[in-house]
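When the chains are written out, they are named A, B, C, D and E in that same order, and each has its own residue count from 1.
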Amino acid sequence: MDKHLITRGVQRSPFWKFILWILPWGMLLGWGLYGAYLCLAEGLNQTNMDNRFAFGLWIYLDLTVIAFGAGAFFTGFLLYILKRHELKSVINSAVVLGLICYSGAIAVLMVDVGQPLRAWFTFWHPNVHSMLTEVTFCLTCYLTVLILEYAPIVLKNRQIRKIPSYLVFEFNLHKLMVVFAGVGAFLSFFHQGSLGGLYGVLRGRPFAFREELGIWPSTFFLFILSAMAAGPSFILLTTWLVEKLSRKRLVKHETLSYLGKLSGIMLTVYILFKSIDTLIWINSTSPSSGFPAFEYYDRAAFGTWVLFAEVVVFGLLPALLLLRKRFREHRGWLITSAVFVLAGVALNRFVLTIQTLALPTLVFDEFLSYLPSWQEVATFSLVIAYGVVLYSVSFRYLPLFPQERELAQSY
Amino acid sequence: MPLTLTRRDILKFVGGSIAGIMVTPIPWKLLDDVSIWTQNGPWIPKVPRGALTTSFSTCALCPAGCGVQARCVNGIPYFLSGTRNHPVNNGTLCPSGVAAHHLAYHPLRLKTPVQVTRGNGTIEVRPVSLDDVLRKISVASGNSTGAKGSLALLDQRPGRTVSLFYRKQLARHDHGIYLVSPTDPILITQCLDEMAETPFGPVGYHLENVRTILSFAAPVLDGWGTPAQTSPMLRTRHSSEQNAVKVIQIDSRHSRSAQLADQWIPLKPKTEAALAFGIAHVIIRDGLYDKRVIGRRIPDFNIPGKHSYSDLIGRFTPDHTSELTGVSSDVIVSTAHSLVARGPSVAIGDGDSGGGPLGKEAEIAIWGLNILLGALESNGSIVQRREAPVPEGFSSKELSPVMGISAIPDHSIGLLLIDGSDPGDPLPWSLLERKLIPRQSLVVACSPTLTGLAQHAQYVVPTPAHLEALTDIPTIVSSATATFSISAPLLKRPEGMTDAIEIMAKVFETEGSMEDLLKQRTSAIFATRRGCVFKAGTGTTVPITELGSPDEFWTELTAGGMWTDDPIRSKPFFQFHFMGRAPDAYQRMLDAGEAVSPLDGPLTPEMLTVLPYGRRAEVGGAQLSPLMTKLYQESGLHRSSKVAVLNPATAKKFDLVHGEQGILATACGTQKVGIRVDAAVMPGVIEIAAGPEPIGQAGNEIVQEQNILELIDPDQALPWRAFRATLRKA
Amino acid sequence: MIKKGSPGFWSGFGVALVIGWLAFPRILYRSLEQPVQFSHAIHTGETVGMTCDGCHTFSNDGRFAGIPTLVQCAGCHADVVGETEAEEHFVKEYIKQRREVPWHVYARQPDNAHFSHADHVNVGGIVCERCHGSHGTSGSLRPFEENRISGYSRDIWGANISGVKSNAWEGMKMNDCVACHNENNHRSACLDCHK
Amino acid sequence: MDQATVKQSRYGMAIDLDRCTGCGACLMACAVENNVSPGRPTVNERTGTTWMRVIEVQDGRAFPAAETAFIPMMCQQCEEETPCVSVCPQNAVEVDPETGIVGQIPQRCLGCRYCMTACPYHARYYNWWDPQWPEGMEKALNPDVAPRMRGVVEKCNFCHGRLHDARAKAAAKGSREINPTDYIPACVESCPVQAITFGDLNDEAADVARQAKSERAFRFLSRLGTEPKVYYLSGRSWVQRLADRELARSKKETVHG
Amino acid sequence: MLPWVYEFRWDLGHIIFLGVFYSVVILIAFTLVRALIRAIRDFKNHRVDHIMWQATFEDLPTPVRACRHELSGEVANRTCPNEFDCRECRTHELFLRKNPASPGGTTPRASGEEQLFGLSFPLDRYYDRGHTWVQPDKDGTVKVGLNDLGARLIGSVENVQLPVIGSRLEVHGTAWHVTRGGADTRILSPIEGTVVEVGGPGKGWYLKVRPEGMETAVRHLLRGAEIKPWLTRELERLQFALSADGVGMSLADGGVPVEDLPKSSPKTDWDAVWGEMFLEA
């Protein structure tokens, strides 16, 4: 039915199967749109956020997906700037994932702010000292870059590429991709950092507050490193997942293994600095502002195990596994390690966003709990459904994995 | 050349238009205007613009009668504050008073007379004409004269000039009853009348003379007296000043006064009489009283061969009292000693608004203590008070007597008229309902809003709201001298509002207007040339003699002024019966003292003791500004009637945790309450506010008010300050 | 691909310009006639000889009364003075019926802006004309133009749709306030002008 | 900015916790003065808008020994490193150098709530609903304070409308210097026990400046280094120890709200 | 945002932050415009065909993109970096210089025919990877036609869209279009030059083209000993392409493709097979 749209030389499931696959996600998307509509039309009273838990699921989601989406910039950087051609086979997929993560995050942010119609004030009257300004500027710029990176992939659709003007434009745009890769890396570097800085600068929240290095708190750099660790793992994992779901070989194992290695190296560096940072924070930053650090791990379910899980189980362990070639060569270990890397980074973002707000500041504050409302979950799933749909459509109609054709023929 | 438009041409045109639009103001101006629209959209109320003025009046929400200064825009008050130097409040206001100018906009405000039908959880209203209501009253009134029950008028703000009018009219009626809420200070007068050999009259307090206050569950630091009386005490709390007033709060509840007092003595519910006896026991045992005075003036102090006060007190040894009240004997002894050592001291009963009265015996026991402590001596802290002069024709013998609810036989009232519906003190409807002739009685309330008892009436006639109504403020119970002030309207009343006096006048087929009545009263006061007048405009107080005419007096009073009587010289000491003069006094007092606390009642595992409470002026929904959600829901500073406070141990026993919902049940019904855990609360009790919720935004739906007093078994009768209920998880 | 320079492109461009610069301002603003035609010129002219502060007064607390109320007008206009139609209309519809005139105020700022005339006139020494232009000598009241979206008077944004202004009284947006404040080294905290 | 001609003020408050009775008049006066709207039926302690909030705290002892204190808590007007100012992406929050007052402009705010997470005092409030007043009540709004809209953050600004008034009053006399008695926030005016003192901390003679230097004075979370301008006073050591967690821990008692 | 907008200050923070922002915006815009300008230039320079082939080539699987010297066994593993255009290829030149016997350097014999796997591949002509051949004529023009495998793949076509006489062909630009059933393919032009005459399936040749400089014009085309290894791979590919489709037929081991493949297996997805074999992406 839609065969003429599908890239040559690759096999895609029949159209009805594709529709069957899309349908539930489409329904989830619809539900999500309804939830988001309620939040926009009725106001954020539809959420379970409140004055004390002013940031909730959405900010957590944003921080996490943007860390995961870091694969796009990191891969682009390695491929176009450092010329690591191994990554050519995943760059398109990485770009789509990046686009999904970033556009999803921005869409949720637009629901999250109370006055989206005035959101442009941030551009018109920016407070250049705010991390959120940095995030906003970089996110929008980088999203533009991602769209420009995604455009050539779309233009390479089997039908679209037949239009000479599009193809010629694509060709020329693609030649300049190094510029976008560079700009993207630059922007990503800053907004990944600023997202870390977002909480790191909160002097009033000693759980999150970190001393400044230069003009940024240490979490700025930790976020960049952890995003660089999470990005390749996310690409690895999604690629593997798509391979499983589509029952195709899409990239060579060396590529996945290489992604794992990248993740492992970055994670090792990250964990090293994270440990140093944690020690400084526990022994100096936090107590000097009147907060004994152990109290943070004294409440509800948030024991020291959280820190242990984040640094050791989901940090050191996958880092060591991924650094060893033997484990990388083994699919099971590779995938498990990647999952652990992502879990570690997701946990880090959770701790920073949710636990920070749950913890009391004033002596007579209570430890707070927060459970998102269905509208929040719906909006959350909107992004996931949107991501799955966009990825599925892209996978079906666009050449996401250049090696697929070749691998299919060598089967 | 023929004009053929290809898709490409259209695309080009569109492209050009888009490029063109970008260099016109359209997108940029729209962006700007839309964001301005989010800032000034039509759904955002516009603030009033206009001339700013200042007016004065008197707050009529509670018996204190605070002076109010209103900042107005276009003549409409937008910010209230206390009148500077006002004798009652000296520039301060309570939170209810601060937001009192909102009451005119209360969402449950009635616009026309209505017929009320109570359903399950909701109330339906049907507008009717005032004539319809009057006709119904007339029929019912005819019935009541025709021996089909009596005509009762429940005055929820007794002591006003209009109350005198009512009593006078009721006295002329064959079956007229003038009914007041049992928590009213009038009960104290009744107690004193029972104790004194000769009629005693009202009393007041010279709290400025006092160094120790022993409060028996009275909200002394939270709305009992006037702000001018309590503010100095509160300001010197925690100070090391020698002469600072020490407040000892005897309270089963961790009430606000208990929190604020210098010492809190928690006792088992309903054992106040026992503790008063226990303290008296120590004073007498250790000879800490003026034997000469007591021996001479207390006829029943010690009567050989007969049951005397000494005998009674003799039973209440510290150990026995401790057993009864749960207060340790050391505390009983030390309290008695410190009351004497740190005199002058005074004991205050009177109960708490929502919690109801202490009960007659307990009051008598407390007054006995006061006499032992010398508080009624001529230089003591309790003084006799003159009432403000009344016009001719309103002397007490021309008035119908003041009746408490217990004095009225069950099923005897055929027509019940309610003036108020939102009093300072609540009256459980179940108690009132028992007095009505089943199915044949008519209840008509005059109320600005459909709240409180008005929800139980068949017909409600809308009266002007607070600050729209003209009314006078009687003397507050704690005042040492008579006072008189007038709450003059600051707001124009809307069409269709009728003063209660006009309805009542029609019932009694007479003439009556609030303004005339108050003018008569002010003239009567003026005529005595006694006392002095506070002028709100200048913040000064001048002798009444400086005013030239009753009209001038009237003008001052209606402009937020206040008249204060000259203090009277204390009359010589009276003879008092410490147990009252009733024949069975000894037994009744003994029973009251030995009464078992509900905490010690028949124990089933799920039973606990409910302690209802309330603040004056905040038990009636119509007296809560919609903005009071700030205090009730939005800050939790005042607990709403849907929040029950428990000791953690109690909560654990009932398997409930903080924030959960529980079901409270008695034989009379069930109520859903939110559980709040508080370590300071007495184990085994549940503290719960008797009062409505404020109705905030979008709260126009009329919902039956939840009031814990509805769970009281009418058979249990008075007092209702503690009752047993079961609690389970919702 | 759209090639710049093609006629289709430029015609679209031209149409957009015409709509944007000519039609849009007319659509954006709603024109409202003032309820009464008032001539400042007659009142401040030689025969009557009133001054601005004769009607636009300050109260003791520094508040500006703004437009005079009916009471002030009734001082002279208790009955029809002169022969104009507007005068007759004013006396008949408002004075006799004791109804305040629902003027549309050209310079009305939104609720969130605080503006103290006392501050600017008494302390700043700014003359009325600086911000209100020659309004005080106008012979008639022009229609009030209300922005259909924001509800603002057009005078706030300024007569020129581009927002460019050549006189101080053309436009009273925040930028205009700020520009003057910056020039004169006056207070510049947000809350100085916002409430 | 021409600061030479205008007096530099540092408006601050001193709240005597030994006097505060938790009556809530300040809270109500604040809401009335600042046109805060009544709450919805479902509103609670965490979604409500109370620029000034009185928090009831206990010393943690059980019945019958528990002692209670009431802490009126509003924007603490931090002077240094003001946590909410630097985070706002679009300059909707600023510290007025002339008065030291932390200003919040709801009309500029986009409702990201970042400032709320930044504030350790939880003194910022978000409009989760469209503010509404019962019919007719808008006629009783304070003309000096603009109502806000849904989706923005608001907070205490020391009744800035009253400062405008005081300035206008001074301007009526041709002066730029306000009379200190003309500028008193609503909570201070309405406190029945005069527990709150307000004034210019730079003015040595002002009551508030003297109180701030008292031995009983302390500030909450002062170790964060934000230099709040709201001081609290108490002679009770357990209350003083509520200032921060290290202090609270210095005695064996645990304290909770 | 802009110096005249309220709250802009000429302080370090604003200058750095907004400086960086505007730099990024300008860089992005500049790059976009540059791509646009280049695209327009490419249009003007008639590089469209070339670019389309280049884009297609990039998306071909690596084995297909093998260098002719890999086919001839001269080098183990080499992917063509020049889109099968050896005319300017330095490496090709080096190979030829190093190994004068390299098949790529031979000239086709005047006549002779080779039967490869039952297919006829006359040795008097040059072969392009797009299954066309080029046969130089005496008059300086060349004939262009489909090779035997190509012809069998297409069979008897329904529609052939040949270029108009006088139009210019680019190397690996579109020579002509073939449609049959639902399938449609473009045949790559093996040579650069001007079309002087058009033929068709029946004539044994499709186009007569006048190239510029015969010597270089055919340099990139396969010849002689190169043909067999290439054809081997092509048949393997064909085998795979046919088997990839569930309903597709398969060439029996060593079997010879029939004269009209589409006719013999109408259910096969010929669009896919054509695309694969005629190097479409």
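Just so it is clear, a contact is a pair of C-beta atoms (placed from the backbone, for glycine too) under 8 Å apart; a residue touches a chain by one contact, two chains touch by 3 or more.
Given the structure is predicted, the values throughout are model-derived calculations rather than measurements.
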| item | value |
| --- | --- |
| Distance in touch steps, counted as few as possible, from chain D out to chain E | 2 |
| Contact distance in steps, from chain C to chain E | 1 |
| Top chain pair, ranked by number of contacting C-beta pairs | B-D |
| Greatest separation from chain A - chain, by CA centre | B |
| Closest chain to global C-alpha mean, per-chain Cα centroids | D |
| Rounded Å distance, chain A centre to chain C centre (Cα mean) | 52 |
| Where chain B and chain E are represented by their mean Cα positions, the distance between them in whole Å | 97 |
| Rounded Å distance, chain C centre to chain D centre (Cα mean) | 37 |
| Intercentroid distance (Cα basis), chain E paired with chain A, Å | 40 |
| Contacts with two or more other chains, residues of chain E listed in rising order | 5-7, 39 |
| Shared interface positions of chain B, touching two or more other chains | 34, 37-39, 44, 46-47, 49, 52 |
| Where chain C touches two or more other chains at once, by residue number | 1, 59, 61, 63, 110-112 |
| Residue ranges of chain B touching chain D (in the complex, touch as defined) | 38-39, 41, 43-50, 52, 73-74, 76-82, 89, 92-99, 101-102, 104-107, 221-222, 227, 231, 234-235, 237-239, 254, 256, 259-260, 264, 266, 625-631, 633-638, 647-648, 678-683, 694-700 |
| Residues of chain E defined as touching chain C within the complex | 5-6, 39-40 |
| In the complex with chain A, residue positions of chain D that touch it | 40, 44, 46-48, 55, 57, 71, 73, 81, 83, 86-92, 108-114, 116-122, 124-130, 149-152, 220-226, 241-249, 255-257 |
| Parts of chain B lying in touch with chain C, wherever the complex brings them together | 8-21, 23-26, 29-30, 32-34, 36-37, 39-40, 42, 44, 46-47, 49, 51-52 |
| Chain D-touching residues of chain A, taken from the complex the two chains share | 43-45, 49-55, 112-116, 118-119, 121-122, 124-127, 129-133, 136, 198-199, 201-206, 287-292, 295, 356-357, 361-366, 368 |
